[in-house]
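Dropping the structures in below, format is C-alpha cells.
Next, two complexes with chain A in common: one pairs it with chain B, the other with chain C.
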Partner chain A sequence: MSETRILTEADCREIFERVKALARGGGETAISITSWWQGELRWARNRVSLSSDRRDVEISVTRTLERGGRGDVTTNQLDDHSLEAAVRAAERMSKLYHSPGRGFGFEPPQQKYPMPDSAPVWSPATVGASTLERGEVARSMIAPAETAGLYSAGYLEVRAASRMMLNTEVTDPQPGDGEYTQSSYVRWTQAQCSTTVRDASGTGSGWAGLSSYDWDRVHDEAGALAERAVQKCKASRNPVALEPGRYTVILEPQAVADLMEPFVRSFDRLDAEDGSGPWKFTWDDAIGKWRSKLGLKVVDERITISHDPMDPWQSIIMPRFDEPGPVTWIERGVLKNLRYPLSTGLELGRRHSLRGAVGYRISSGDTSMEEMIRSTRRGLLVTRFSNLKLLDEDSLLTTGLTRDGLWLIENGEITKAVKNFRFTESPLFVLNNVEQIGEAVPVFRPTKEEDGELTPAIVPPIKARDFSFTSLIDAV
Partner chain B sequence: MMISRRDLVKLGLKAGVGATLLSGVPRWAQAKALGIAPEMPLPITDPWIKELALRAVEAARSAGAMYADVRLTHTRGRGFSPFPTSVGDSERLSVGVRALVDGYWGFAASPIWQPDEMARLGREAVNQAKVMAMGPRRQIDLASVPVVHDEHWTMPVEIDPFEVSPFEVTDFLMGLRHFVKGFSGFKPGDYQPLAHFQVQEKAFASSEGAYYTQRVYRSLGELKIGYEGGARKVGGALDTLTPAGLGWELFTGQAIREQIRQLMEELKEDASLPLKPVEVGRYEVVCDAQTVATLADRTLGTATQLDRALGFEANASGTSYLNAPLEMLGRFEVGSPLLTLTANRSERGGAATVAWDDEGVRPDEFTLVREGTLEDFQTTRESAAWLVDSSTKANREIRSHGCAAAPSAINVPMLHTPNLRVEPGSEALDFDGAVASLEEGIAIRHMGVDMDFQGLNGLGQSSRVYEIKDGKRVAMIQGAGFLFRAPELWKGLVALGGEESVRRYGLGSSKGEPAQSVFHSVSAPPAVFEEFTVIDPKRKA
Partner chain C sequence: MRMWKYSKSLPLALSLMVLSAETASAQVSFEWPDTAVELSSYSDLERCRAAVDRAKYMEKVREFHTTGTWYDTIPSPPRQEMAPVPPSVRETARKCLVGATPEHVEVEDHRLLLPLLFEAGQGERAIELLRQRLAAFDLESDSAVLAATDTVLRVYHAVIPRPLELIDWLEETYASRIESRLERALFYRKLMGAVGGTFSDSPLDSARSYAIASRAFLVIDSLSEHEIKELARRSGALFLESAESGAEVAQRMGAFAQFLRVDQTALDSLREGTTAFIRHRKRIISRVLGQPPETIDWIGPIGHRAPEIEADVWLGCDGPCGPRPTPGRISLILIGDFTNCGRMNCLWSLIPLRRLQERFPELQTTVMARTRSSHEVLEGEAEAVEWVADLTRQTLDYYNVRAAIAASTYSYWRLPDPDLRPIYRETANEVNYSFDGRWVLEDGWEVYDGLYQFTAVLTDSDGTIIYENKLNAMNEANFAKLIEVLLEREAPNT
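Up next is the complex of A and B:
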C-alpha cells in the first residue's frame, strides 16, 4: 500500500477472500472497500500554514445471515484479527435483527454489462505531484499578492482514491440496483487549487479556483488564478452600498456554476413522478402518477445542459449500468431527460440507469465578457456566490450571498466596487431571463469528501435580467 | 493454545513482549510467531501504544523537527434507527504526526499502528514541513504549556453505550416510537428516533515530553414529531438529545416521555392557533433557549475564533467581523452590557469537553465577552502568541485556551469552538414568563441561522414563530424570516432568562480545508431582543 498509496485491485480481492473465509453461519457477505491518499497544502497571510500527506482506507463488511437482518460494520484495519472482529460483529448484528420475511439473494443475476467508455479519470501527474512541486506552486501564487502588499490565502490538494465492491452472491460484475451491486475496481485522481486575496484593511477580497482530475491542468492555470485573485482584490476595495433590488447581472462562470447547484441536482424523474421538485407537471389519473415536464420547454432555448463522458474535461467515474455515451438533460431549452435508477430503466425498456448531472456542460454562447459589459446600461458583475440555501423545492427559489468581488456596471463600463448582497432568486428564473451567453470554461467544483468522486463542470458566463438582490451584506 | 495479553501480564512478560514488538516486524506477524493473539484493540493505556507514540515523535525529532507531536485515536461508532431497523458499527484506528521546522508545519497521517509506520509518519511530517521551510521565513511561537506526564482521563459517563446491548437500544427507541404513535394525530418522523454513540480513545505525545491518554464519549439522538390537528399539519423536534459528552444516560437519564408530552402539548397549541402571513417590520422578540444558543454560536462563537479573525480561514469558510483583534480586545462593544459569553472544555456532559486538548493543553475556563465588551478570543498554542501585544499590555499570561481539536488523528488539529455559555440574567425569567410580559411582539422557537462569511449578517428561519398580544400567543406566523447584523442583534438584547431557564445544546461546526466537523455544547437562557427585523425570506426584490 505504501508504494501505491491506495489499494490496488489485487489488494481488494485478497481482502475479500479473507473476509469470505472468516464468515461463519452461511448467508451473504458483501464488502465495499475505499481507499484514498491526499497531498494538501494550505496557506494564509502569505505563508504556507500547513503541508500534509494523509491516507486512509475503509472496509465496510455487510453480513446477512439466513432470516437475519443486515449487519453493517466498517473498519479501517486490514489485518485478519480486525477483519474477523468486523465479520463477527456484523454477524451478531444480523442475528439480532431477525427478519423472517426477507427473501434470500440480492439482485437476480442479469445480463453482463461492459464498463462504459469514458475519458481518463486517473492522472499520473496528480499522483506524481511532489511536495516540493506543490510548495513551489503555492509560493508562486503567494508572490504576486505579497508584492502588491496584499494577503494571500489558499488551498491546493492532490488526491488519489480507489473503490471496489464485492459480494458472495455474484462472482462476476453483474448489474443490480441496490447497494450490494458489485463494482469493478476503479481508481481516480482529483486536483484542486483555490486562492483568496484580501487587502490589509479587509475592505477588498478576490477569489479564483480550478479543479480537475489532472494536476497538470490546475498547475498550468495556477499563475492565472493568482493574478485574477489579486486583480479582483484590488478592484473590490472600498465598495459602495447599493440599494437592494432587481439588477441585470453578468455572472462569471463560477457564479453560474454556484447558482446552478440546486438546479442540476433537481434532474430526477422519480421525484417528478411523485409530485415533488420543479419537474412535475400535472397529475395523471390514468397512470396514477404525476406527469413530468419532459418534452416541454423549461428554460431559454439557447441553453443546453449535457454530459459527454468521452470529453476529457468532463471525465467522471461512469456507473457500470448507466446509459453509455452522452446524456442531454436540457436541449435548446427543452427538458429531455431526468435521471432514473436501473429499475425504471428496465421498465422503460432501456436496460440502463440514467445518471444525473454529476458532471455537466452548459452550452456556450458567442458573447465575450467584454461585450456583455459594454452592452450593459446598468448592472452588476458577480464573481461567485457563497452560502447557498434552497428555500423552495418546487420553484428552486434559493438564497445566498455574493462573495469576493461585485461591481457596478454603468453605461458599458465597470464603475464601482459594490458591497455584497444577499440574493433571493431561482436558477430557473435566471435561465428564463438570459440575455447573453459567453464561452463555457471549466470551473471549480471539487468533491470535499476524501473518497468523493469527480464532479467536473464546464460553464459559460451568463448575462441575465431582473436578478433579485434582497438585502445588503456588509461582510467582505 | 492461545495465550492472551492478559495472561502475559500475569506472567510478567508484557514489558518484554512490548519491546520485542518494536523491532520493526509487523505486530500481527510477531504475535503470530510468538503464538499469541493480542486482544484487539489494546486499551489506550497500554505501554505498547506509548512506545508507538514515542517512536513517531523520536523519528520526527531526529529528522529535524524543532517540535513534534503525535495523536493516536481509536474511534468506535454505533448508529441506530429503529424503523426500518438498522444498526451500523464502525471502528477506526488513526495516527497523525505533526512537525514544526523553521516556523512551518508538516503533518502526516494514516490508519496503520505499527512501529515502522510511526517512523515513516514522523519523517514524512518533517519532510512536509522542511520542503515548505525552503520558502521565506515564518516565525511561530508556541505558547508554553505545563507538560502533562503520563496521565489518563476517562470522561465520566454513567452508562457506557457500548456496553448496552444493541437490542436494548433498539427496543428503547422503538418504545418511544410507539409512545408517540399512541397519541391520536401524532407520528414520529421517518426513520426516527435516531441514536448515535461514539467513544474515542486518544494517546498524545509531544517532543516536550508530554504524554496523556484519554477516553471521550459522545452520544446524540433525534426525534421529530408531526401532528395533524384539523386541517393543519405542524411539527417539532425534541431538543434534549443533541450531541453531548454523555453515555446511554443521555436517553435513560432524563424524562424523555415527559418531554415528548410537553412537545405534544405545544404542537396541539400550534395547530390550534390561526395562521398569519408575515408582516415585514421591526418587533420585540422573545427567543427560546435553543434560538439564543444558536445565535450566540453562529455569530460570536464563530467570530471569536482567532485564526478566522486573522485571516487563516479566508479561503475556506471566511474571516470574522472582529477583524482587528489587537485593537478590539477590552474595548470593542459587541453587544448590550447584559451579554456575557464564557467558554470552557471542562463542563460535565459538554460535547467539546476533554481533560487535555489536541496539543496537550488543559483547557481553562475563559470569558470571551464580559458585559458586552470583547475580552478574549479562542486560542491554540500557536494562535495564543498572536495576541502577544495586547496580552503584554493587559499584563496577561500568554497561554492557549486549549481549543485545538480534530475529529480524529487522521485530521490535523486546528482551532475549534469550545463549549460556550451565555450567562443568564439575574432575575428568574423563562420563555413563558418572557412571553407573558410581552405586550405586543413575536416569539420564536428553534430558529435555524445562516451567517455570512464573517459571522456578521444573518438570516434566521423557523417554522414555529408566534404573534404575541397581551402576553399570549395569538397566531402562528407562516414562513417568517429574520434578518440581523450581529452587533445590532446583541445591542438589542434587553432581557435574559434566569439560571433555571438555561438549556444546553450540542451543535456541530465545520471548518478548514479539507473541512473538519466537530461538536461543542452551547448553553443559553431564553432572551428578549428589541428591534428585530422580520421579513418574508421567500419574497424577491
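Up next is the complex of A and C:
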C-alpha cells in the first residue's frame, strides 16, 4: 500500500508526458506536482476518537503560448479528461495576456542544489505505518494512564509527501529561462506523537511528545513518552500558588523549543537592513543604510545555533536554490547568518538563498538536569509553554503560559507542584541570562501543513536566571 | 461575507446550492465571457461586484482583441469619466440585482450596493437610499457633515459615468449647514475635485464646475491668514501656506494647474524661443510660490544643458553613437532599466514612446541603461553590461521602438564581512545629470504607482532641457505638443 500513498518519480514523469501530449498551439508546458498522504489517530479519555487516512495531489499546469503570458491552472484530478480541461484553460489564460517573450528578465542560470542522497528525510517505516500499527501504539500509550486511574488524550500522525517540477525543453535558452520551473523529485516523511495525561480531579496534568521523520523512533519512544506524561501528571497534582516575579528557571528541552519559536523565526536579514526586528543595529549615515548585528555578540557565548541537512536528527528539505550545506546562525553567541531570498543572495555574490532556521540545533552543554536542580537554591522547573504571543518585534518580548507541570525547587530539591504562571519575557534576555546548559535532544516540533516541510529542533535544557512570571493563571 | 437577507431562508439556500453545483460543472467548459453563470442566483453583493467587474474587464479584453491596443496604454479619452455604461456591464448588474430588495441590505453593504444600482441604471433608487441612510444620522457638527460628504463622494467616484446629480444634491443639502468657513472651503474643494475643477483641461461639466468654483472662491476669499495656512496644510498644498488672501490662493492654484499642463501660452513662448519658454516657466512657478521671478533659480533640470551621455556599451545607433544628445537634433532621453520588462511590463512607457516616434520620425531617442539590479547577479562577469544592453535592445525591438542604447556599468564596493552588501557608486551619467545634487536621476529608475514608467527628458536642438516627466499615456500629449513646436522651429521655412 505504501507504494501508492504518494506519487513516485515515475508517476510524475508519466503525468507530465500526458500533459505534454495534450498541449495545443506550441509554446512551453510546465507542471508542478505535489502529493501527500497522512494517517492519523486521536484519542481522548482513554478511548480512540478518530482514525483516518487522507491523501491528495495538486498538479499545477502552466502553458506559455508564443507571445502569450503564463497561464496557470491547478487540479487534483489525474484522469485524461480533467488534465485536458486544465491544459485548455491554461492555454486560454495564456492568450489573455501578452508578454515580450522569453528571455526577458535578467537572472543568469542559477546553481541548483539537489538534496543530498543520504539526507535523513525519508523513512519506509513512516510511509508504511498501517492503521493497525498506529492503533497498537495508541493502546500502549493509553494503558499506563488507565492503569493509574488517569485520563490520557493524544494524537499521533504519520505522513509522506513528494514534489517535482518539470517543463518542456526550452529551445534557444536565454538568461532566466527554465531555471525556475524544473526541480528534481524530492520526497519526505514525518511522524509525530504527543500525549496529555490528566487526573480525574483535574488538578494534575502531564505532557510528552516527539516528532521525527522516522516513525520507528517515535514508535520506540512511545512507551517512555506515555510513562513520562503519567509521572508528570501525578507529580503536578494539587499545586500551590506562588507569587509572580523573577525566578531562576530550569527549562526542559520542550520549554526551550517553545520559547525559541519567535527567536528562530526572527533571523531575517532584510528586516534588519530595513531597520526593524531584533537584529537591526544602527543607522549608518556614511552609507545611508541600516547596519545589522551580524558579527556582533548577541547571546551567551555558550550558545551556538545551527542546522545541517546531514545531521541524522535534523531532516530538512532543502529548496533548490538554498545553501545546501550546514549553516551556523549563532556561533558562540555571535550572530553569523540571517536568512535572505535568492535576489539578496545574488547581490551578496553568493548565488543561493538562505531559508532560515526552519530546523535547528542548539549546542549542548555538559550539565545534567539533576545537577541543574541540585545547584538551584530557589527556582522553578518548567515542562513546556503554550499560547505564546509575540508582544514586541524589536526585543522579542513574548507572553505565554506554563503548562503540564511546573515545580518549585528549593535548596537543590523539587519540593512542590506550583500553579501555572503567565510569563512575559524575551528569549533574547533568557539566552543572555544562561547559567547552565544540558544535552540537546530532539523535541516535538512538527510542521503544521499537510505537504509542509520538516521542521525538527534539537535543543538542550537550559537553566537561566531572572525569568519573569507576571501573573498566576488558574488553568491546569 | 454578508448574505442578502432574502437568501437566508432554507428552501432558497437549498436551491442556491443546487444552482451552485450546476454552475461548477458548467465551468469545465468555461469560456470567456462567462455566459454559463446564472447571475440572478448570486446570493451576496461581493459576487455581484465581482461579476460586474469581470464584465468590465471583458469589455477591455474585447477592445484589445479588436484594436490591438490595451486600454491604459493610450491617452485617456476626454471625459472618460462620463463614458456610458457598456450594455454588457449594465445587463450584468441588472441581472445580478434581480430579486434584490435593497431596503433590506445592511448598511455596511451599501458601499457595494449603491454603485451596482447606478451601473444597473437604477440611480434614482440609489440616491433615495442614500437620502434615507444619511437622514438617519445626526449631522449637527461640521465634521459630521464632511464625513457624510465623503460617504457620498465614495459612491460617486465608484461609478462611471459619474452621477453628477449627487454633487448637486450634496451642495443643496449640506453647504449651508457648515458653519466654519474653513470647513466650507474644504467641502467645496472636495466638490471641485469631483467635477474636475475650473483649472482642469476637461471638467466633467463646465457649468457645474464654474458654479462650484465661484462659490468656493467666495468662501476662500473670506478666510483669514491663519485659516489659509490651515487650508494649505489640510489639503496638502503647502505652496499655498504663504498666501496672504483668498484671492492669492485662487491665483496660486490656477498657476499650479497651468504649470502642470503645457498650455497654449507655454507653447507660444516656446515658439518664440527656448529662452522665452524657460522665462515663462519660471514666471508661472514664481506665481505658484508667490515669489519674484528673479528669485527662482531652479525649476528642475529645465533650462539646463543636457550633459553628453556616457556609456560603456552603445547599441542600436543609427550611424555614430556619440555625442548624445546630438547637436542639431531634438532629443528624447529615456532613463530606465528595461531588463525587467519580462515580469514588470514596460508597455506603459514604451507604447507612448513608439507613438511619439511614429508621429515624429525626426526625434532622436536615447535610452540610458545601467547594470544596477542586474550587475550584482553577475558579479565578476565582464559581459554584464553587454547583456544589459542586449536585453534592453530585445525589449525595445518587441515594442518596435528605435533608440540608441547607452549602457553603463554600475560599480560598487562591498561592506566588510559578514555584511558584504554592495554599496553602489553613481555612474557618470547620474553624476552629470544631478546638476550639482539638485536632481536625483535615481527617480528615473523607480517604479511609479506599481507600473514601470520611466523618466524622459526632452531637449531642443541646442541640447537645452525643455521638459522632463514620466513618459506615460497621461503625459504623452505634453511631450507631443512640445516636440511639435520644436520641430516647427527647426523647419526651414519658418
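Methods note: the second predicted complex is superposed on the first by the 377 of 476 C-alpha atoms of A that agree within 3 Å, B and C clash if a C-alpha of one lies under 4 Å from a C-alpha of the other, contacts with A are read in each partner's own complex, and residues count from 1 in each chain.
We adopt the following convention: a contact is a pair of C-beta atoms (placed from the backbone, for glycine too) under 8 Å apart; a residue touches a chain by one contact, two chains touch by 3 or more.
Source: prediction; values computed, not measured.
A.B. asks: Touch check for A:151: first (chain B), second (chain C), both, or neither?
C.D. replies: Only chain B; A:151 stays clear of chain C.
A.B. asks: Just chain B (first), just chain C (second), both, or neither: which does A:66 touch?
C.D. replies: A:66: touches no partner chain.
A.B. asks: Could you look at A:96 and tell me whether it touches chain B, chain C, both or neither (first, second, both, neither)?
C.D. replies: After superposition on chain A, A:96 lies in contact with both partners, chain B and chain C.
A.B. asks: Scan A:85 for contacts with chain B and chain C and give back first, second, both or neither.
C.D. replies: Touch partners of A:85: chain B and chain C.
A.B. asks: Go through the superposed model and pick first if A:301 touches only chain B, second if only chain C, both, or neither.
C.D. replies: Once the two structures are laid over each other on A, A:301 reaches no partner at all.
A.B. asks: Determine, under the contact definition given at the top, whether A:74 touches first (chain B), second (chain C), both, or neither.
C.D. replies: first
A.B. asks: After superposition on the shared chain, which partner residues are touched by A:292: those of chain B (first), chain C (second), both, or neither?
C.D. replies: A:292 contacts chain C only, not chain B.
A.B. asks: Just checking: does A:14 make contact with chain B only, chain C only, both, or neither of them? Give me first, second, both or neither.
C.D. replies: neither
A.B. asks: Which partner, chain B or chain C, touches the larger number of chain A residues?
C.D. replies: B
A.B. asks: Considering only the contact definition stated at the top, list the common interface residues of chain A for chain B and chain C.
C.D. replies: In chain A, positions 85, 89, 96, 99 sit in both the chain B and chain C interfaces.
A.B. asks: Contact residues on chain B for chain A in the complex?
C.D. replies: Within the complex, chain B touches chain A at residues 28, 37-38, 40, 85-94, 96, 103-111, 120, 124, 127-129, 131-132, 134-136, 138, 166-167, 170, 310-316, 318-319, 321, 323, 410, 412, 450-454, 456-457, 459, 483, 485, 513-515, 535, 537-541.
A.B. asks: Considering the complex alone, what residue numbers of chain C touch chain A?
C.D. replies: Interface residues on the chain C side: 28-32, 61, 339-343, 345, 373-374, 376-381, 387-388, 391, 394-395, 398-399, 414-415, 417-423.
A.B. asks: Enumerate the contact residues on chain A facing chain C in the complex.
C.D. replies: My answer: residues 85, 89, 92, 96, 99-108, 175-176, 273, 287, 289, 291-292, 294-295, 336-337, 346-349.
A.B. asks: Which part of chain A faces chain B closely enough to touch in the complex?
C.D. replies: Listed in rising order, the residues of chain A that touch chain B are 2, 38, 40-42, 44-45, 47-57, 69-77, 79-82, 85-86, 89-90, 93, 96-97, 99, 131-132, 135, 139, 151, 153-155, 157, 194-196, 198, 202, 205, 207, 244-246, 386-387, 389, 391-392, 397, 399, 401, 403, 420, 422, 424-425, 448, 450, 468-471, 473-476.
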